[in-house]
């Protein structure tokens, strides 16, 4: 445990939106991995628990110039302003039911601690947090597929994506008995990553230059000179984060060769995009 | 004082009408009140401390008596039966199959308990429905591997000298929470003398703080 | 039949009439209680809240009652700390209103949380970074202070006061009330502020986020200020309503004028600060995040610029002006208009700072989310109103709430009790 | 001593104080919160040893390898199997949600017998003997052809057992529902000769011209399709998608070419015309074409010139020219056909027209092209034992060319055409066009036996339901199909013990055969299906049982392939949509909803967008230009010659004007509130249109009108 603290991971994800087909495998893999319940009517998406949600985004143009992109949105595991661990939700939870793991960069959610004030949901601009408005119920017999690795929630608490933390735990357990200090990249992969038939999701340690996610994202170690709250901006011109300008510092990055898609990741004033789009972290000013 | 009470009677016949019947002007009332107070206090305090735990916990015997001491002598250390699997997960209380590694069809000893084991479970191929004293709730992720392999802790620190016991104590379950009494601890106030007397989250955090300098992040122990 | 309990020399309506009134309001109360139990036993699916509207009507109601309940701490501050002695004639009432407002707020919070039995975690496992933690602590403490402030008034009930112990207790409590008032003012400053902070710290929500001083965003100070400014308006409004219902004058004009004047100046200064804050937010804060002001007020069927103008101009600038100008302040009709507008204004501000935040899309591909509360939410929001009416009716009937009542409504030659 | 108020006060205060300083308060406060953390009605998953078992998913023709995670004996999660030749780790949402089918409490739990309008549970013995008795009657009346059968596919040993049963019984009337594989075989038969099938080397092609094939909408082997599509980015391969709607495939493509529905064949032929005219074809390949190349060329230049087809198809003639040129000049081009998932209604003219593009550019059996190869054959059954009834019966004419015709005949006839019907793994009452007519036909069949895991629309019409294992519980060989470039056979293994009183369908048919005795029984002498499978797969059983998968063929097929263009040269008519309204309703294939007979799992339904399903209403897509007077998300009435539905409207710029799109796979009426009674089954609104010549139902849509409701 001690060595863990010295060698902090920063688990993150990069999703290739040009590969994403919107097929929904990640969503279902997540639900099935994490004992997410379902109810009779899930067509009201505002009360439908989907830790991983795939948004359909269009370029807003009319026929036949319309384009569509699908954007899978897990919890962004924000590092908060300056990446100090005060993510929008963690900083507001009154009962410490969600915290920032400085050893992993993962934002937790403890269902048994949460008392359901929902402040975190209001604070999260990504709508990544879901409330259990109902008691979860499985049709008779279906509770047999529930996984013991994730505790089923009760009504009245908030839940969200955990980056399949239990898989990290399992990988570490294996490493312990093998007498290894740390885990391999492939030992800890989230359920959405492994399920994605298009291979659009890459997961790993953003702090580890050997990991694919680091190599794709090339995170800027310095704060963005334009906004000191932003840390870890990608130096890959095709990579962006959702609402990066808010300073939430998500650990989920997106990749697209299409400019309109990258622009849809954030809000820009008129004309601003053209000025900003070629800015890729502090290095672009070096 | 009496003056005021008189006033009361005179002043409002309506409201005081009934109550005057039981009213008294002598000061014994106060003394009696104090006595009543003390008696009620003592009775309630004692029942809250002594009777309440009895009501709160149900008590059940294990399916049959298990002699840890005997098994440790025969089979070896704790991890002979309570071992880590290859994937790093912990087996917990061994399944029947593990028992059968030693207990083949015929009884090994002559104890009454082994006879129950053989008749009720081995021959019927039924798992023994042990009550687990240290069972943590579903929200807890506890890695034995992290503690025993990486942390180098011994079993006794948390489980106490159960390996030296010759009999199984009754299992006490909290009627409200379903927790084993060993989680909160035997002491109803939650006081503990030994590191294994309680297994609440605060006890984990305390040790973590001591050993690692940090009480740990939520996900370290929650799932 | 309850005349023994009614303050000496005060005239009250007959008990049956009183009982009928209480019964009618009580029915509403029971409706609310029924909805409350539905929420507790069936869960928050009884509401129309959803994952976009984690905070909705209840949190608004909470913020609103605390804001209008701000009259208690501010009047107390003026009376006990700044020794504005005339205010002793309305301080009891202000405290009762404060007590009602804060107990209601706590009740609503207890319904609003998904796991009421774990509510105490907010204290036990407090996260000191959370504004809500600050709210919970200050709110609870201040409620305790308000209770203490309320007790002497209860002890002044004719029957209770006959018990020498209570009599002396009441007397002594009055003596030390300044300490409580100071504590209360301090606590109030923080929880009113932290309620504002609740919105201001949400840096993921451009509509809410504000820069600020140290850990406190500007909304922190604006909330405190607005509560102090509009709280007295509400005290005056309820006093006026009570006067109308009882058909009696209960507070002397000079007291009313004084409080109105103070409120007027507070409102005016507040609204100047609010306007500066809004302009700074609109021109500096949000453009840096890529938003134009129009983003927050267009493209949806409800939230338009009207809400901003109503809040700031119609229900801010106007009542402020009406109350600081002597002639309009002392004109009963215009004064009433001003305090009504003021109360609406602060409630509207709280609405905007809760519900509009949730409604505004942040991700470029997200959409506006509008919401209509369920009857259970409405019933439980009306519940505190019914409870407040009943409590005011009872306290007015049995306690000497208005010290000037007898002087203003002498039925027989006034002979003071003492 | 008087007990007064003070005494009571003292008593009360004492009690309160006593309790307050006792541990009761803190303990109960703590315990009550812990109680909420462990509510007895919140399930606690049982822990145990983790193990992984590999198997194969047979929910769709994809035949993906799966890895099933188990806790003790209990399967808890299905994931894609890394290293599997088809899907290498990826998995689709339906496979992942497979356990929701396994544990579904609305499954058929035991054999059922219809009793009036309800079903009663019976034992397997009774069920088998009831079926056998009825079948014996049919045989005794010397009309064995009056037993008909419908299966979902004609692949693998279970289908082979059914066919074997029908042969030895003496009925030629066994049908499969149209699948991508059957459509590929029909295309191959028309162009290259019988007994072959077509595959597409999408993993290597550098220019994919897809005529509406939903390459990432569930076409073919879906996960393989996703992988091939995703790899385009690294390979810099292009995808051009031709279809009326901006589907996910179109959105993911390098170019989307909107085309008027039902004119894909015309467009393909126009492109052929360009290639021929500009001499961009592979002359060596074309030199060997049979069936009148010149005649075809003359026809194409005359009738299908791009200038003429621009109006018909809605694609500019310059675009037709450009795309055809790009296609022909590409190094490894491939034209892919089979609209949507490629199953269901398809026009042979269209399939052949598109495939002719492949033939023209000479990419047959070349890397990145179209592979023409013999149908996979690895089963070796012993000779059937036939009695005279069987031999006679098999000489009789089939009741129809395809299942559709059989049902039409039944509906038209006054006497029973079919005395008994077996339905295995198929749900024609849901998946075929004009589903109501199919139900009517089933109602006229005196004895319907359904082999099904679910009480689906067809099973509900049955007289006997024989409940079968889901893919998680059964042993079965699963050959790949559906256009996959490599040919592999996977083994589905019983990863879970049967949850209910169900059987392997192979066992069920063996039991029926045995109960019929005589030659039929002799042809089914295996003790169980498990024995049968091992004995009929002698060449690959070792691989199957040890590796879980046997590769039959991989890489580019060798050998020359004959091409015959006579079908097109005869200029078959293009199928027109039924009706005369101005708009055309077309089905939309969506990956998240299976269009086959099985309803989506609760998880899959949960992922469905609210622009497809809202509450219990189907949402139709329509271009804002077409949707005059309709509001986005508002209600509308959709009317076709086949029926009317109340729907909601989604104004969608990705829809071609004049076209209404409605998703397939909704409107089931299973007894399962999570997946059923949601939306409308589009097959109720579309009627079959039989293509002359091929006999296929080729209804690509139907004319429709829509108005505000």
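Should a chain be cited, it is by its letter among A, B, C and D, assigned in written order, with residues numbered from 1 in that chain.
The working rule: a residue touches a chain if its C-beta (ideal position, glycine included) is under 8 Å from a C-beta of that chain, and two chains touch if they have at least 3 such contacts.
Just so we're clear, the structure is a prediction, and the values are computed from it rather than from any experiment.
More C-beta pairs touch across one of A-C and C-D than the other; that pair is A-C.
Taking the mean of each chain's C-alpha atoms as its centre, the chain lying closest to the overall protein C-alpha centroid is A.
The distance from the centre of chain A to the centre of chain B, each centre being the mean of the chain's C-alpha atoms, comes to 39 Å.
Spacing of chain C relative to chain D, judged by their CA centroids, is 62 angstrom.
Averaging Cα coordinates per chain places chain B and chain C 46 Å apart.
Multi-chain contact residues of chain B (touching two or more other chains): 87, 89, 137-139. Residue numbers of chain C whose C-beta contacts span two or more other chains: 115, 118, 121. In chain A, the residues that touch at least two other chains are 44, 96-97, 111-113, 135, 148, 151-152, 154, 156.
Only residues 115, 117-118, 120-121 of chain C touch chain D when the two sit together in their complex.
Note for the complex: chain A touches chain D at residues 16, 18-19, 21-25, 27-29, 31-33, 35, 38-45, 48, 50, 54, 56, 58, 61-64, 66-70, 111-112, 135-136, 138-148, 151-154, 156, 191, 194-200. Across the complex, chain A meets chain B through its residues 1-2, 5, 96-104, 106, 108-113, 148-152, 162, 165-166, 169-170, 172-179.
Residues of chain B that touch chain D in their complex: 19, 22-24, 28-30, 32-49, 52, 56, 85, 87, 89, 91-92, 137-139, 174, 176-179, 184, 188-190. In the complex of the two chains, the chain B residues touching chain A come out as 84, 86-89, 137-139, 141, 143, 145-146, 149-151, 208, 211-214, 217-220, 222-223.
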